[in-house]
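In the two complexes below, chain A is the common chain; its partner is chain B in one and chain C in the other.
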Partner chain A sequence: MNHHRVVASALALLLAAGLCAQPVAPSDVQASDNPDDERGTVLDVSWTPPRELPDVPGMVPIGQQVLYRKVGGEIQAGPLVPLDASSASLPGLKPWPWPAWEVAVAIVWEPAEPLRAALDASRWTLPARGAVRSQFTAPVRPVGRWYDPTLTNILISALLICAIVLGTLYAVRGRAEEIYIRPIAGLEAVNDAIGRATEMGRPMLYVSGLGGVSNIATIAAMLILGHLARRAAAYETEIIVPCNDPLVMATEREIVRQAYTEAGKPDAYRPENIFFLTDSQFGYVAAVDGIMLREKPGANLYMGYFAAEALILAETGNETGAIQIAGTDADTQLPFFITACDYTLMGEELYAASAYLSRHPLLVAQLRGQDMAKTIIVAILILGVIAATAALFGGTVAEYAQRFVGWFAA
Partner chain B sequence: MPDAAPQIFGLSTEVIGVWIATFLTLAIFSFLYRDNPVYKLAEHIFVGVSAGYGVVIVYHEAVIPLLINPLFRPELADLESPNYIVIIPGLLGLMMFSRFFPRYDWLSRWPIAFVMGLSSGLAIPATVQTNLLPQLYATLNPILPLGDIDPWTATSNFLLVVGVICTLAYFYFSREHAGALGVASRIGIFFLMVAFGASFGNTVMARVSLLIGRFQFLYYDWWQGQVMRLFGG
Partner chain C sequence: MPLVITFLAGLFMAVQFFVPHEIGVTVYRGMLDWAMIVASFALVLGISSLLRTHWEKIRRRRRDWPYSIVAIVSFFLMCIVGIGYGHQPGTVFYWIFDYIQVPLDATMFSLLAFFIASAAVRTFRARSVEATLLLVAAIFVMLGRVPSALLVMLGDTGVGQWLYDFMPDASEWVMNVPTVAGKRGIIFGVSLGVIATALRIILGIERSHLGGGGGGGAVGP
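Our next item is the complex of A and B:
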C-alpha cells in the first residue's frame, strides 16, 4: 500500500509542478441570473477558456468544471463541460430567498490510462484528479419571478371557480334551505345503517381511510362522521373509529365530542373508541379486520381516501354480515366498494354528502355553486370541441379557435 | 466478497429473517380460514412494529432535519446561521401534546385548523393545475374526420366528449334528474360503469401479481432456500 501512496503523491506533485510552470486557469469568469428560469435556481456562467494547455506528463485534461460556493462556504462542483466551452448553465441552486453564490471555473486533469489503471488497482484515488481554477466571481444572486405568466390560465380558472361558489353563496343567502338536492341512495341508507346497528345492539364501525387531515376526501369523511355521531349519540349506539393518522384521530375525537354535546349526551362520549392504530397501510387493515371479526359491528362505513386495502376491508365486512356503506374519490377503488358494499358514494357524492345530510345553508349553497361551475365546464367543453373542429378548416377562424383551445393547456 | 450476515445464536440473521417472514405470511393467510390466535399474534406484531417504526421515521426524517438541525446544528442543514422561523411549526407541533392535559387540550385545535386550512387552500390551484385543466384540454379534440383526423379517431373523440358531459351530468346535485338531465345522467352512469369495469380488471391483475410475489417468496426463499437445504436437498 505504501508503494501506491508514493505513486499517487508523486503524481500530485507532478501535476502541481507542471501547472505552476504556466498558469492555465480560465479567465474573465462572469455569472448572471438566467432570465428564462422562473424559480431563480439557475445562473448563466461565461468565461474565456485558456488558449492552450501545458503538457503535464502522465495527465490528460478532461474538461472544464464550474465550481460554486456560498460566500465563505464550501466549494461545490457544478457541471463539467468540454475544454473549448466558454459558457454553461449552473442549475439546481437554492430557490427563494435566493442566496448569493460565488462562481469559478477550473480545468480538470485526470491521470492518463496506464497511470489510472495503476491507481484503480491500488484503490488509492485521492489525488487522481487535479484542477486549476480561476478566481471566484463576486457574489451573484439568481432571482426568480414572483409571477409566472405561463400559469395565468390556472390563476384565472381557480379565481373563476371560487367566484362562482362565493357568488352563489351570496345569491342564495336566506333561502338555501329551499334548494333542491337530488336523493343519493347511499346517504339515505346511512340512517338505516344507524337504525340497524341500534336494533342489533351492536356498535358501528367508521373507517375514514388512509388520507391525512389535509386530504379533501378525509375532510368530507369527517363531516359525515359528525352527522353520524349525532345520530349515534341520540340512539346511544356505540361508534368505533380506528384511525390511520394521529392528526385525523385528534380531529375526529373533537368532532365526535362536539356531536355528543350537541345531541345532549356529553357523558355518553367515549374517547377511547376513537383511536390510532398505525400509519402502515396493511398493518391498519389487519387491525381493522380483526376489529370487524371480534366486535361484530352492525354497520360498517368506509368514507375517505382508500387504496389497495379497500377490497380487503369491504370483503371482511361483508363476511361478518354488517350493512356496508362506502364513499371514496379514489376511482381505482370504487369498483371494489361497488361489488362488496351495499351502497357506494362515488367521487363527488362523497363531497356532497355533508350538505345532503346536514342541510346546512352554507354547505347547500356551496353545492349549488359547484353545480354552476360544472355547467360552465360543460359549456367550455362544447365550445372547445367546436373550436378544435373549426381549427381543421384553416384560415383566420382556425387561428382564433386554436388559441382558444390552447389556453387550456396547463 | 460480500460481508457475511451477522449471527444470532449461531444462526445467520438472514436465515432467521426468512423464517420469521414465512411464519408471519402463513399467519396472515390463516385469516382465510377464520380468526385465530396465530392471526391475532401476527396482527398485533404488525401493528406494533409498524407504529414504532413510524415514530422512528418521523423523528429521523422530520424532527431532526426540519427542526433540530436548522435550530441547533445549522451546518448540517446547509445553513450559515440558525433558522429561527422553524420555531413556529415546532410550537404548533408541541401544541398537539396539549391533548394530554384536558384543561389545555383546546390548544391542539390551532395546529389542526392551520393544517386543514393551509392544505385546503393549496388544494384549489393544485387541483386546477393537475386535474381540471389537463383533463379539459385532453377532451377538446376535433370530432369530424377532416385533414389528419381519421373516422375512428373522430368517433373516439366524439364518444370521449359525450362521456365526459354525461358523467358530469350524473354529478349534478341541485337539479332533479329528469328530462334531458335524467337521460344524460343515465348515459353517464353507463360510461362510469365501463370505466370501473376496466379499472377492476386492471387492479385485479396487479393484486394477483402481489399474491404471486408472496408465493414466490414462500417457494424460492423459504422452501427451496431453507427447508430443502435443511434436509440436504
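Our next item is the complex of A and C:
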C-alpha cells in the first residue's frame, strides 16, 4: 500500500508541475442565451480550443469541460466535450428569475495507464484529474420567452373560432327558438329508451367511458347524464352508472342527485347505483359486462371516450336485447358502435346533445355559432385546395399560395 | 365561487398553452399536482364505494355474490402485499400483477376478435346501399391486406395475378382517401364541439355539471 501511495504522490506532483509549467487553456470564451430555449435554462458557450496541448508525462487530456458559477458562487461542472470542440450548450440552469452565470472552459487531464491503476489502488482521495481552465466570462443571464411565436397560427385560429362562436351566440340568443336543429335520431331515441326500460320494469345502464374528469368527452357525457337522470327520475326508472374513475363517480353522483331533486323525486335517488368499479380498462369491461348479463337493463347508453372496450361492451349489450345508444368522439371506435348499437351520436353530436336535449336558448344559439365556424373552416379548406393546386404551377401567385398553405401547416 | 374558479382555471390553461415561460410552466405543474391530490382524495371515495357495493351484494346474497368475495379478498391481498412488501419488480405484488392481472386483461382483450367477427357478419349483410358500400370497401381492404388469399382462391391465373397486384393499391386508396376524408370531417366537428363545450363551461353558460340549473339545467321537451 505504501508503494502505491508513493506512486500516487509522485503522479499528483507530476501533474501539478506539468500543468503549471505549461498552462494551456481554451481562450476567447463567450456565453450567450440560447435563442431556442423557451424556459431560459440554457446558455450557448463558444470558445477557441488550444491548438496544441503540451506533453505531460503520465497524463492524457480527456476533453474540455464547461464550468459555470453564479456570480461569486461555487464552481459547478457542466458538459464534458471532445478536445476539438469549440462550442457547447449548457443546459439545466436555474430557471426564473434567471440568475446571471459566469462561464469558463477547462482542459481536463487524467492519469494514463498503468499509472492510473496505481492511483486507483492507492485509494487516496487525491484528485485523479487535473484541469487548466480559462478565465470566467462576464455574467450572462439566460432569458425565457413569454410567447411561443411558432403557435401564432393556432392562436389566431382559436381566437377566430371563439369570436365566431361567441359572437353568433350573443347575436341570435334572443331568437334561439326560431333556430332549426336537425333531428338527431340518437337523441330522439333517448325518450324511447327510457320509456322502454320503464315499461319492462328494468333499469337503464349509463356508461360514461374511460376518460377522466378532465376529458372533455367525459364532461359532455356527464352533461347528457344530467338530462337523462331528470327524465329517468320523472318516470321513476332506475339508472345504474358504473364508473372507472373515482372523480367522475363523485361528480356524477352530484349531477344525478341534483337531477332527482329538480324532478321533485329526491327520495328516489339511490347513490349506491352510481359506483366505482376499477380504473383497469379490461377489468372495467368485465364488470360492466357482468352487470349487463345479471341485471338485463332495458336500455344501455355509452357516452364519452371509449377505446378497445367499445365493441366488447356494445356486443354484450346487443346480446341482452337492450336498446342501445352510443356517442363518442373517438373516431376509431365509431364503426364498432354503429355496428352494434341501435343509435350512435357521431363526434360533434355528442357535444350538441346537451343543447338538443335542454333546448336552452343560449346553448341552441351556440350551436348556430358552431355551424358558422364550420362554414368558415369549409371555406378555408376550399381555398387551401385551390392554393395547394396553384402552388404547383410556379410564379408569384404560386409563392403566395404556398405561403397561405404553409401558414396553416406550420 | 365554482364558476369563478372554473373561469380563472380555464382561462389560465388556454393562455398557458401559448406561454413557454417558466412561471406558466411552474403554475401549470402546480395545478396538475393539485389535480393529483384531489384525485387521491377521490380515490378514497372510490375504494369506499367499491367495498360498500360488494359488501351489500354479499350481505343480500345477490346473484353471483361469491365473486364479490373474490373482489374484496383480492383488494385486501394486493393492499397487504403492496404496502407490506413493496411493489418493485421481483416482489409478490409484481408477480400477482404479471401472472394474474395481465393474463386476465389479455383474456378480456382477446374476446374482441370474436366480437369483431360476430359484428362483421351482422354488418356485412348487404341490406341497404350504405351496407353494400361498407361490404365492398371491407372486401377491398381485407383482400388488399392479405392478397395471397386471391392466389389461393383463383390460382396463379392471369386474373388472380392481376388482382394480387391490384388489391394492395386499392386497399391503400380506400384507407388513405375516402377513409381519411371521412375521419377528418368527424375530427373537424369534434374539435369545434370541444371548443364550444369548453367555452360554455368556462363562461358559465353550461352549469349542469356543477349540479345547478344553469344553461343546461332546463328539462327538455
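We adopt the following convention: the second predicted complex is superposed on the first by the 293 of 410 C-alpha atoms of A that agree within 3 Å, B and C clash if a C-alpha of one lies under 4 Å from a C-alpha of the other, contacts with A are read in each partner's own complex, and residues count from 1 in each chain.
We take it that contacts are C-beta pairs under 8 Å (C-beta built on N, C-alpha and C of every residue); 3 or more make two chains touch, one makes a residue touch a chain.
From a predicted model like this one, the values you see are computed outputs, not experimental measurements.
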Partner chain(s) touched by A:366 [first = chain B, second = chain C, both, neither]: second
Partner chain in contact with A:238 - chain B first, chain C second, else both or neither: neither
Touching partner for A:102 - first (chain B), second (chain C), both, neither: neither
Which superposed partner A:272 touches (first chain B, second chain C, both, neither): second
Touching partner for A:329 - first (chain B), second (chain C), both, neither: second
Which superposed partner A:110 touches (first chain B, second chain C, both, neither): neither
First (chain B), second (chain C), both or neither touched by A:342: neither
Chain B versus chain C as contact partner of A:44, first or second or both or neither: neither
Residues on chain A lying within both footprints (that of chain B and that of chain C): 151, 154-155, 158, 161-162, 214, 216, 219, 246-247, 250-251, 254, 276-278, 280, 282-283, 286, 290, 294, 308, 311, 331, 334, 336, 339, 346-348, 352, 355-356, 367, 370, 374, 377
Chain A partner contacts - residues on chain B that touch it in the complex: 28, 31, 35, 39-40, 42-43, 46-51, 53-54, 80, 96, 99, 108-109, 112, 115-116, 118-120, 122-125, 128-130, 132-134, 136-137, 139-144, 146-147, 149, 157, 161, 164-165, 168-169, 171-177, 192, 195-197, 199-200, 202-203, 207
Chain B-facing residues of chain A, complex: 70, 72-73, 151, 153-155, 157-158, 161-162, 179-182, 184, 213-216, 219, 246-247, 250-251, 254, 276-280, 282-284, 286-287, 289-290, 293-294, 308, 311, 331-332, 334-336, 338-339, 346-349, 352, 355-356, 367-368, 370-371, 374, 377-378, 380-382, 384-385, 387-389, 391-393, 405, 408-410
Residues of chain A that touch chain C when the two form their complex: 38-41, 95-96, 144-148, 151, 154-155, 158, 161-162, 165-166, 169, 212, 214, 216, 219-220, 222-223, 226-227, 230-231, 234, 243, 245-247, 249-251, 254-255, 257-258, 262-263, 272, 275-278, 280-283, 285-286, 290, 294, 308, 311-312, 315, 329, 331, 334, 336, 339-340, 346-348, 350-352, 354-360, 362-363, 366-367, 369-370, 373-374, 377
Of chain C, residues touching chain A in the complex: 14, 17-23, 25-26, 35, 38-39, 42-47, 49-50, 52-53, 56, 63-64, 67, 101, 104-105, 108-109, 111-112, 115-116, 118-120, 122-123, 183, 186-190, 192-201, 203, 205-206, 208-209, 211-213, 215-221
